[in-house]
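This report refers to the structure that appears directly beneath it.
The chains carry the letters A, B, C and D, assigned in the order they are written, with residues numbered from 1 in each.
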Amino acid sequence: MALKTAEQYYESLRQMSPTAYVLGEKVENVVDHPLIKGQIAGVAQTFALAHDPEGKELLVGRSSLSGEEVSRFVKLYESVDDLLVKVKMLKFLSQRTGTCYMRCTGMDAINATGVVTYDVDKKYGTNYRERFLEHLKYIQKNDLVVWSGVTDVKGDRSLRPSAQTDPDMYLHVVDRTKDGIVVRGAKAHQSGSLCAHEGLILPTREMREADKDYAVCFATPTDAEGIIHVYGRGTLEERALEGVDLGNVEYSKFCPLVIFDNVFVPWGRVFLCGEYEFAGELVRTFGDYHRHSHGGCKCGVGDVLVGAAAAIAEYNGVPDASHVNAKLVEMIKTAETMYGCCIAASVEAKKSESGIYLVDSILANTSKLYEGKEYHEVIRLLVEIAGGLVADLPSEKDLSNPEIGHFIEKYMKGAADVPTEDRMRMFRLIEKLAFETRDIVSNIHGGGSPEAHRMTLLRDTDLEPRKKLARKLAGIKEKE
Amino acid sequence: MALKTAEQYYESLRQMSPTAYVLGEKVENVVDHPLIKGQIAGVAQTFALAHDPEGKELLVGRSSLSGEEVSRFVKLYESVDDLLVKVKMLKFLSQRTGTCYMRCTGMDAINATGVVTYDVDKKYGTNYRERFLEHLKYIQKNDLVVWSGVTDVKGDRSLRPSAQTDPDMYLHVVDRTKDGIVVRGAKAHQSGSLCAHEGLILPTREMREADKDYAVCFATPTDAEGIIHVYGRGTLEERALEGVDLGNVEYSKFCPLVIFDNVFVPWGRVFLCGEYEFAGELVRTFGDYHRHSHGGCKCGVGDVLVGAAAAIAEYNGVPDASHVNAKLVEMIKTAETMYGCCIAASVEAKKSESGIYLVDSILANTSKLYEGKEYHEVIRLLVEIAGGLVADLPSEKDLSNPEIGHFIEKYMKGAADVPTEDRMRMFRLIEKLAFETRDIVSNIHGGGSPEAHRMTLLRDTDLEPRKKLARKLAGIKEKE
Amino acid sequence: MALKTAEQYYESLRQMSPTAYVLGEKVENVVDHPLIKGQIAGVAQTFALAHDPEGKELLVGRSSLSGEEVSRFVKLYESVDDLLVKVKMLKFLSQRTGTCYMRCTGMDAINATGVVTYDVDKKYGTNYRERFLEHLKYIQKNDLVVWSGVTDVKGDRSLRPSAQTDPDMYLHVVDRTKDGIVVRGAKAHQSGSLCAHEGLILPTREMREADKDYAVCFATPTDAEGIIHVYGRGTLEERALEGVDLGNVEYSKFCPLVIFDNVFVPWGRVFLCGEYEFAGELVRTFGDYHRHSHGGCKCGVGDVLVGAAAAIAEYNGVPDASHVNAKLVEMIKTAETMYGCCIAASVEAKKSESGIYLVDSILANTSKLYEGKEYHEVIRLLVEIAGGLVADLPSEKDLSNPEIGHFIEKYMKGAADVPTEDRMRMFRLIEKLAFETRDIVSNIHGGGSPEAHRMTLLRDTDLEPRKKLARKLAGIKEKE
Amino acid sequence: MALKTAEQYYESLRQMSPTAYVLGEKVENVVDHPLIKGQIAGVAQTFALAHDPEGKELLVGRSSLSGEEVSRFVKLYESVDDLLVKVKMLKFLSQRTGTCYMRCTGMDAINATGVVTYDVDKKYGTNYRERFLEHLKYIQKNDLVVWSGVTDVKGDRSLRPSAQTDPDMYLHVVDRTKDGIVVRGAKAHQSGSLCAHEGLILPTREMREADKDYAVCFATPTDAEGIIHVYGRGTLEERALEGVDLGNVEYSKFCPLVIFDNVFVPWGRVFLCGEYEFAGELVRTFGDYHRHSHGGCKCGVGDVLVGAAAAIAEYNGVPDASHVNAKLVEMIKTAETMYGCCIAASVEAKKSESGIYLVDSILANTSKLYEGKEYHEVIRLLVEIAGGLVADLPSEKDLSNPEIGHFIEKYMKGAADVPTEDRMRMFRLIEKLAFETRDIVSNIHGGGSPEAHRMTLLRDTDLEPRKKLARKLAGIKEKE
């Protein structure tokens, strides 16, 4: 049973019993919760489209572990082509959901763990890699959805994990037993954790010797004892709660805070434990992969942004205004830049000793920098093109009110051949695309904050040979 | 009774009975409606602070009509100093509300009408100006709040008013009687219309002869028969409806669609009616004034944005990071630019024939262009400084839940000396500042869309003398 | 003799006798002219490095016409790999010259002609392709340098070629004989035409039937009768003329106006003549290739800019200032973006019917847009990092003047361990990199102007499927 | 004789005998030197226009010292109006010269010295102010041109003055005698020093006690013994040397390195000597004044840039292209922003204890930040509008060559009604405006480098009250 159907996915989720709180209340049935179900619907598309001829080309690969067909979301990056297909797969899915379907986090965490367990074993003679591949076979065999727990809550940002007043501000090992470890801490921004069967937990930064207990990587079921998912608020919740004026009528996103309250993890699911000098490599490898994922994903969303802008210009009656065209070009430019840099980061990938390919970090981080900054301008351009009704649009409920519905129908009309309802729907979609906090803040802070990407660019660019080129052209003699 | 207290303002509002719909339902008590009251609270500050020693300096002027002290929101701009004080007043209020208090729209409409009625009378011998000043005395005497109805719904943007399929897509005169006129149409984005006693309605664009019936300017009570206010949706409504996680704990904004369903206006309240060639002057004068208002207002909000960024950096434990400082500088730069250009637009104001001062349009529109574009980057910088918790922050309701409250308290903690609740509140404020659609879309489209400002810059910049300067320096002889 | 040495290249140039004017004077020996020789030195590197082990990997390919090793500058793009190697080759050379070595223009023109002659023959049964490949064999066999003549002088930009007052504002056929054609017109900005043996002349825009005579493509020796090269002025000429304060001590650039005063071209060298509907395809194909070339080239120059910035920061004593690092990141980001988009444009290349690969136009043009705009900011950042001495640096002649040389030596000193002369040389290089008109204006206008790239993005992006994605997400039903 | 004529100015300059070197050679007659005379011509306009009715309004004020009419370039800023007029005067002159006329440096240095001598005397009971006002009377009476010597060469940027290996990297007092002091050091970028009669020398940074000898301010004749002016190189020198293809046909700029080789200064001309804690105030006051000057100056040049762009679009035949208009708007926006912020910095000026008005530093520095960054984009837009011929234009010498002149005349033609020569002249002007190093680098580094302006913004913005505003809105209780 390598490739689940969407129905099987839903079924499997219903069999889980995670501890979840939403807006102060414990929720038993997360699958149907109005603030949760929109993202489950997005993840379901990753299953549904794997059975679609066009989607299958991108979504399904062959596992080198089992020789079977598996979802690419649980497959290792074993070639440049795997990385190229990954970018295209994410673009394809984002075009169809317009928001997050969350599985890239697990995919990137799986690969980063695959790379680093090899390196740790090589140095210490540990058997993390074997454990990990065993676990991965299980994931592949059951076509499970994996979330990656990376971002710790961090407490005081100026202090290292072991220097915090409260030692739990970074997740860490609080006990070691014969059977496993016990961990405590919390991971924020856990995109769609409740859509997933399994979590793969990674450190969020490099560690030093004093931070040893924080250098831990492991797998855990989403509904393990002691794990509590607390829904994080976003904009437009009223719409989701009532199911009207949704904008994106099927898909949405949520990102809980996930608390680990003394969670037990058996040794077979522990892939790093104390080898602190590998924490940095693990999170950096994940980070580069994940910025690469963002590029694929967000250029797909970018196509939706461009399409929405072009559509609303048409609905407003000004499809060919020169200033609209000029703005569309700027939007296209940024979306294609993210795509181009990630395609290039795939082509320039290098094979690690583990056999897994590492994307080019400079190109992947360059792509992410555009998402973090220029993409925000893309969204502004969308709003500029659309006009003021991105805000202040009356509700569908007004449209269907018998006393005033006809006024809304009349006055929200744009171009003659466009039904008012269609125009209102497009404005709602644009409102969602431009003002849904989870997506917009993720553009900026997802996959690490822009300063992290900038630091990566600086760290991974070797300035010495560049200085040498300049000195040579200037006629400066090199010192002996 | 020239200067109302906040209490008197509330009292006066309660005596009105506007027709209002919110989310598909008719609302009788608008003053206490959770989606309305936040802006009424903001407007109330314009009254309260007029009685405060510091505020009075800015908020109160002397009417040349009555010789009495009046709110500057209903006073004519009779000097450069009036315009300078206006900018400072709006900045002062925005610093204290962090959002819209709506009275600038009426103030700007009053002044634009004052300028243009003079010009119309001069050409046609009408008595619009006298009528208007009479009306203004009434407004001043009763210290009324005025909203300005400018933005028509516009239908197909490529067609002029008289060429629309539905003639009501721009508000127009549908009947003229001995006693007055009857108008029909709808005005969108009517910031805080339900906070006001009176509306002053202006055309939204220049008109040609065929559009004659659309060239109409008049005053009307907010609760006149036939006027229907339909609430326009925004983000974060769930918070307002429940009164939790508000971000800005007291103030907010709303902008109804206001429908004029055959509204009667007596002649004494009509200030333009058919003199189509003045429609353009009227809306352009309003537009320049209003872009000037935005500069004052939004630099005040800018101080809040800068303050919130600096505060959250401190709460996160990184108040002095060099990249935070670099971003703060960019934020300050843009806010000060808007302020500087509007101060300059005041200083370079010219007295019109009516005696009312006209701001420098190029400088006022330049200021607005920064609000429309670079200010969006200011907000992005705020989000970049703050970090990911601008999205996904658990609710106050989670914080007060007995089962998980202690986890939220623990894990949302930042710097050691900052209470978790304070940090959460600051994140909520930033979420509101960065993702409240009415405010953000108003940055872009308020006071006209950026393309309108660009066109104004081009139209009001005389290229010929500039070309001549270039030719002279290039040594090109002028043609005879 | 497929691969010339640098010496053989110089020798071959000396055997030519082009008609050339520089600053109002006829020049016989162009090879040694101080304003010309710097670019010849750059071109010579394309020969020298082909014999260097590292360079050969990139610079030498195998001709499918002859089966022999040939310079990639005269080879067809017969695979994705050819296009990837092209980008890397150009980057490699730019890193080593810091300026233009001109051969990419010929390479791109050769390939565009290869693509289009196939299409013309297919439609008309002409034998352009055979003629062209025959010519190409000759070029390959003799390892000739080719310039491409694309940019007509254009006269009044609002008029089509055939509508100009002077019919010669676009190059056109003025006579057809049994043996060949006679052409008249002028091509501006002919990068390094005097460094080349041969020109390959293309139309500069799409043509209509009335413009038939302007739809002409042909090859001609650089020194054919009737061809006149007129040197175009640039900045920093005094330095080249005197050979001091050069900045880039060996390499530079020049771009003549090339006048075709009734030049005869035998039929065997004519590759398009009147098939006007292919003019657009020819120049667009060339344009896309050439924007792709720019990306490779300018990211190599970008490495020099980054290196110069890092070197001068070190020489000034502030190598690790946080603001310097922040600026270096922005510089790297833009350079890598151009590179990334061009790598991606190679990967996404499609095979044309001619067998030659076409780069992805959207990605290639996106790259060029960064060169046209953001790269200018890269240069500004370099100047900002370097400091004021990018201007106003005393001359080497002052440094060697016995009366004041010691003062220059003393006062132009920066960090203690850096010789004053080195620091002065680095400032000179930066001055050259930042203020050499040919290079800087080429960033903006080379390979077509930014508006051309913007139009390409708009034309080649299919908005319809994107609008459909948006409609689907918004829940808008498609019309039957 | 308060107001010299241009002729008297030239005459007075000829009577001086400064020590000057240009390109390695000692120059006796600086007034007529082709690389110097262009800026003298610009300065001469500050005299000529003072006798012109329009110019006099701006250029002439009344001295409070003598009661006489004096040039505003040597007048104190004694009111807001003085500062407003200053901005307009500089704009007026820049519009007419398109480059630097240098006198603002002296004007700003005079005022800064006026402010600080008061403060020093107040603390120490010195009589610097009296000395200085005496000197200023002399300057005013003789209508002298003053350059300000601020920018030291600085050596290793990471070291304070007293910590440099060579103590002369900042100008300092090397001897004190009964009659005066002896100073040594060098000042770089001394805009037009050879156009001036007098220098007023200021420290370039704040100083600490160890740097005491570097805290020195004094006046000196331009041709004092021991002062050596060494010409700093720029682009386009060939043009000036030959007097062809000048672009700006009359005016240009140069900035020598000025070496002080043990220069004696009598006590009567010493205005600070060792009171190190005032060095910072002096240079910061100068800096704020000078950034304010730049705003006025560069918005005037901005009008020339806009005019040149509009003119060349017309000459090219595309005056009304929508993309040209969009670019013109961006150019206007930036130029007006600099102007607006400086007008506002004048209005918000505060009177110092000395009676001299201090500009608002935040607004003045904000203006300068646009000059340092966005103005560079304005120049790029000019080049983008103009087209490729900003580079590579054949020479006037080609145009007048009998063999090829007719070709140049023919092929450089644009729109039918524009003489080719005019079009060529406009391209030359644009080349000069866009690529003259002194002007362009001055945009970035003149009046301090952008990092200095950014630091000023951060230092002079009080974050505490802004944080308080944010906390109040967020509902955070202030600590007791």
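Quick notes on this one:
By our rule, a contact is a pair of C-beta atoms (placed from the backbone, for glycine too) under 8 Å apart; a residue touches a chain by one contact, two chains touch by 3 or more.
Keep in mind that this is a model prediction, so the values were computed, not measured.
Here B-C and A-C were compared by C-beta pairs in contact; the pair with more is A-C. Compared with chain B, the chain whose C-alpha mean position is the greatest distance off is C. Mean C-alpha position of chain A lies 40 Å from that of chain C. Between chain A and chain B the centroid-to-centroid distance comes to 38 Å (mean Cα coordinates, whole Å). Here the CA centre of chain B is 51 Å from the CA centre of chain C. Contact of a single residue of chain A with at least two other chains is seen at positions 323, 326, 454.
Those residues of chain A whose C-beta lies close enough to touch chain D in the complex are 322-323, 326. By the touch criterion stated above, chain D contacts chain C in their complex at residues 21, 23-26, 151, 153, 155-159, 165-166, 168-169, 186, 188-189, 228, 230-238, 241, 245, 254-257, 259, 261, 316-318, 323, 372-373, 376-377, 380, 383-384, 387-398, 400-401, 403-404, 407-408, 410-416, 431, 435, 437-438, 440-442, 444-446, 449-451, 454. Contacts from chain A toward chain C in the complex involve residues 84, 95-98, 246-251, 303-304, 306-308, 310-311, 314, 325-326, 328-329, 332-333, 336-337, 339-341, 343-345, 347-348, 362-363, 366-367, 369-370, 422, 425-426, 428-429, 454, 457-458, 461, 463, 465-476.
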